[in-house]
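Presented sequentially are two complexes of chain A, the first with chain B as partner and the second with chain C.
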Partner chain A sequence: MLAFALSRLARAAITILFVVTFAFIVLRLSGDPALLIMSVDAPPEAIEAFRKAWGLDRPIWEQYLAYAWHALTGDFGKSMRDGRPAIDLVLERLPATLAITLPALALKLGIGIPAGIYAALHRNSLADRLTMMVSVAGFTMPSFVLALVLVLIFGVTLGWLPASGADSVWHAVLPIVTLGTAGAAIMARFTRSAMLEVLGQPYIRAASAKGLAWWLVVAKHALPNAAIPTVTIIGFMVGSLVAGAVIVESVFAWPGIGRLLVSAVANRDLAVVQALLMVIAAWMVLANLCVDLAYGWLDPRVRSGAR
Partner chain B sequence: MAAPLVSIRGLSVDFDDGRRAARAVDGVDADIAAGEAVGLVGESGSGKSVTWLAALGLLPNRARVSGEVRIGGMNLIGAERRVLEGVRGKRIAMIFQDPSSCLNPVHRIGRQVTEALRLHRGMDGRAAEAEALRLFDQVGIADAKRRLSDYPHQLSGGLNQRVMIAIALAGQPELLIADEPTTALDATIQAQILLLLSRIRRETGMAMVLISHDLGVVAENVDRVCVMYAGRIVEQAPGEALFDTPHHPYTQGLLAALPTLTGPRRRLAAIPGSVPEPWNLPVGCRFAPRCPAAEERCRHEAPPRRVIAPAHQAACHFDVAGQSVWPAQEAAE
Partner chain C sequence: MTVQDSVAATPPAPPSFLRRTRRALVAWPPVVVISAAWLILMVITAAGAEWLAPYPFTAMDLKARLSVPLLMGGDFAHPLGTDELGRDVLSRLISSIRMSLLIAFFGTLIAASLGTVLGFLAAHFRGRIEQVVLMAIDFQASMPFMIIALSVLAFFGNSLILFICLMGFHSWERYARITRGLTLAANEQGYAAAVRQLGAKPGRIYGLHILPNIASTLIVSMTLTFPEIILLESGLSFLGLGVQPPLTSLGNMVGYGREYITRAPWIMLAPSFVIVMTTLSISMLGDWLRDRLDPTLR
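Now for the complex of A and B:
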């Protein structure tokens, strides 16, 4: 188990290193921040001075090594815009993002899983067909469309909820619902197919043949097995808690990580973009690690395979 | 004969998927006496398993079941879920073909046995564990104590089938349906499991229905054999009578297809043609299209069940009196 965990950790570190390196190179190939921040008609001496101040005049590999060295010591550079440490800018936005993504996750799981189980247990019934229709509509609709439709209905026409901003709890409702809808739809479909797969297994029939009441067969034999594939998709959803709201935050002017990412990219604020990508990657990797551990916990076959 | 333990009358099962209707079991009548061992033989798709899955209400909802399956005066067909749950495992237990996939992969096998003990005998904790150990001993699982905490994937197919049998015994059933219990196992393990089933039947006095596509498996382990073809029982007889004087051309064909250990080497005879599809069954005798003795009447009229000897019946228009209708086999060079 220790070897398993260590190999996973090493892999996680390599993944993060890869993301950081890739982001570093791509960002430096995609345009000169000096021109953007100083504006094109700034005097050439000023632009040159800016480049020198931020080390942009040095060869890219030197910049990279310097960056990597500092990153290892916990220094992710300073924002080129306001000179504050990039990592601080990122971390102070995190609570706002989690304030909408965490309730959205609860919505996805709280609605998606029971709906999927119900649909699977009543396969081909009217309720099953309705659930699946709603779910197709839910995950095929792009989030910006759903966001605008919700704003139109609840913000403009009915006037029940604020359409954008982050001044009160009520401002969070529409972003949460927008994020939660597609996720709940995906979760419902996934749970349903996982349940149907399990319900067709011989051990379900054997459990019934034992004389167990149907609800016990479902609770003790079907659900624990259906949980195994479902964990994969839950892992994705947990992984996207940090960076999964870029579009929704932009539409609703929600001051989270997503909006910071959009503005930092637009401004070529390299240090901030890199810090963001590092945090996002680290979170994704952590979520994946949790999924792997959850597999081991749920499925004894995985456990003995890792031994 | 005293009143049978289980009595099946006119049992039919139809599957209708909306596009075509298929009749998997067609008017099956059978009695199982207490303590009796009955073999149910036939090719794949002849309705052997479906008959008993239907009796226990284990078929999917789209199956339409009619007829009667009585145990102790109670009709199981159309019975409430709770009634069926009270019979399953408690009065009639069933074990299946692929033991390794019949055990829940995420639960320890000990827990899967004690689950049945709690359900049927109200045992908990220590008592249940002690009884599970006793059952493991009874079904010949060595090192039972350690095995209780194993998962199904850590056990061989043969051991898993022993676990399944232990679970089936947990409810002390009056009848065990063994549905192809050895088909997924190696030949040597197969013999061990069949011996085990015979021994347990002697020890407990329970009745057993052994479902198999293999006449050889059935021959040595049962008192009486029912042969099924395309959803109908075509012949039933005590084991010896069936093997010595088979009356239905299908039974005769099956026996001709078996290799013998003694006697001259000969070519094994296959029955020409194949089993009719359940959505496209012939009218009249189901076997007529493949039967060398078939006449015009066979293609229109379903044959009645003819009593040949007190416990021997065959559903054929002709009385072939034990003479094979199949051409004699030439000896192989």
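Now for the complex of A and C:
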């Protein structure tokens, strides 16, 4: 188990390094940072001084090492918009995003998993077909369409809920429902196919042939095995807790990470974009790491490397 | 042999009408027929956009601003109503369909070609090249593509060509993974070895022999990528970071229509409906194709 955990840890570290490298390459390809930050008609001496100050006159690998070191210690420079450290801007938006993505995650799992299990156990029944139809609609409908339709119904026509802003708890309802519905549809679909796969296995037949009550077969034999593929998609959802609400936050004017990203991209505030990239990547990698470790815990075959 | 032939030659009794209908329904489920019909309509719309659109999509008619669509009591001059500048929604919709389909088409093509070539390279050279490709696949899969796309747009600014190429980087890793796996398997099989023994160059083996054998799996994957790119493109355009005005795309229309959601909901409803119908149709058709073409993905 220790060797398994260590190899996963190494992979996580490599991915982070990849992201840092990606950001560095993209930054360098996009033009001379000196010209980008100073205006084009700045005097040549000033540009030269800027280059010296930021180490742009040193060899490229030295720049890369310096950049990577700063990035890994959370120093991305200052926002070009309001001059504050980029990483602070990002971190202060985090609670707002989690305030809608965490309840949405609960909704996804709370609705999606039971619906998927029920659909699989009652295959081809009316409930199954309905669940699957709703789930297909759920993940072919873009989140902004779902969001706007909900606004149109509950915000404009019925007037029950506020359509945008973040002034009260009620403002969070529509964003949470938007995120939760689409996610629940995907979760239901994955859970159902994982369950169906498991229910077709010989050991399920063996377990019910020896006279075990059906609910025990499901609870003791089917569910634990179906949990393994489901963990992947849960991990993916946990990974998207930080960055999965870009569009929904924009629709509802919710002051989270996603809206910061959109405005930073629109303003080409590169320091903030890089800080966001790093925070999102770190979170994703952490989530993937947890999934891998959960795999090892759930499935002894993965742990021993015999697959 | 001859006995079997004679058995097969005796014509069976003609099936009853009910049975024939049922057989036709099984072979061509209504959902598939409707999806196919919708997609054909979309392709025709995209191809004949200039002839089908009643007005140029940028033509303004300030006297007929925010006029109501036919279904809500409007008139035939603007069947889907007009927007805040008096531009005909139907004309803009047709032009948007063309733009969104074009981007999705080229995006899918780029992703599939890039991924397939990288997959072939990894399977052919093995060793270090394969490791590099696999690491790139891991990296691409570990970051949400929306975030990668947004940061690239932040650094480089936006142009239509760049945007299409960017969409082409979406899900190339899926093709690379599939191609590598299937090619490794195919290289072990008799036909690839036979062609190689005959002295065929790698390009010929991969292009003319292995590619046709793995094409059905790749085509099924394309039915997944295509709607994903439509969703991605419309999402980015909705945020105002994709297709830029005066050009218009489906997401772009929804994005601008959102400002008028209380007074003129039809501006955003028409393109939303088209997006949902199109992605839904492709998914339905893709599911059906997968069942028919590709037993390995089931």
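As a working rule, the second predicted complex is superposed on the first by the 261 of 307 C-alpha atoms of A that agree within 3 Å, B and C clash if a C-alpha of one lies under 4 Å from a C-alpha of the other, contacts with A are read in each partner's own complex, and residues count from 1 in each chain.
Definition applied: contacts are C-beta pairs under 8 Å (C-beta built on N, C-alpha and C of every residue); 3 or more make two chains touch, one makes a residue touch a chain.
Only a predicted model underlies this, so the values are computations on that prediction, with no experimental measurement involved.
*Asks:* Overlaying on chain A: chain B and chain C, fit or clash?
*Replies:* With chain A as the common anchor, chain B and chain C both fit in the superposed model.
*Asks:* Is A:293 touching anything from chain B or chain C once the two structures are fitted on A? First, second, both or neither.
*Replies:* A:293 sits against neither chain B nor chain C.
*Asks:* Considering only the touch criterion stated at the top, classify A:27 as touching first (chain B), second (chain C), both, or neither.
*Replies:* second
*Asks:* Touch test for A:281: chain B only (first), chain C only (second), both, or neither?
*Replies:* In the superposed model, A:281 contacts chain C only, not chain B.
*Asks:* Look at A:145 in the shared chain and tell me whether it touches chain B only, chain C only, both, or neither; answer first, second, both or neither.
*Replies:* The second partner, chain C, only.
*Asks:* Tell me which touches more residues of chain A here: chain C or chain B.
*Replies:* C
*Asks:* Quick one: is A:49 in contact with chain B, with chain C, with both, or with neither? Answer first, second, both or neither.
*Replies:* Neither: A:49 stays clear of chain B and chain C.
*Asks:* Considering only touches as defined above, state whether A:221 meets chain B (first), chain C (second), both or neither.
*Replies:* first
*Asks:* For A:262, select first, second, both or neither according to whether it touches chain B, chain C, the two together, or no partner.
*Replies:* After superposing on A, A:262 lies in contact with chain C but is clear of chain B.
*Asks:* If you've got the overlay open, could you tell me the nearest Cα approach between chain B and chain C in whole angstrom?
*Replies:* 9
*Asks:* Where on chain A do the contacts from chain B and from chain C line up?
*Replies:* Chain A residues touching both partners: none found.
*Asks:* Note which residues of chain C are touching chain A in the complex, please.
*Replies:* Against chain A, chain C makes touches at 135, 138-139, 142-144, 146-147, 150-157, 227, 231, 234-235, 238-241, 251, 254-255, 258, 261-262, 265, 268, 272, 275-276, 279-280, 283-284.
*Asks:* If you look only at chain A, which of its residues touch chain B in the complex?
*Replies:* Chain A residues touching chain B: 201-203, 205-214, 220-221, 224-225, 228, 298-301, 304.
*Asks:* Would you pull the chain B residues touching chain A in the complex into a rising list?
*Replies:* 53, 56, 58, 81-82, 85-90, 93-94, 96, 98, 101-107, 115-116, 119-120, 151, 153-154, 164, 167, 171
*Asks:* Flag every residue of chain A that touches chain C in the complex, lowest number first.
*Replies:* 11, 14-15, 18-19, 22-23, 26-27, 29-30, 136-137, 140-145, 148-149, 151-152, 156, 239-240, 243-244, 246-247, 250-251, 261-262, 264-266, 268-270, 273-274, 276-277, 280-281, 284-285, 288
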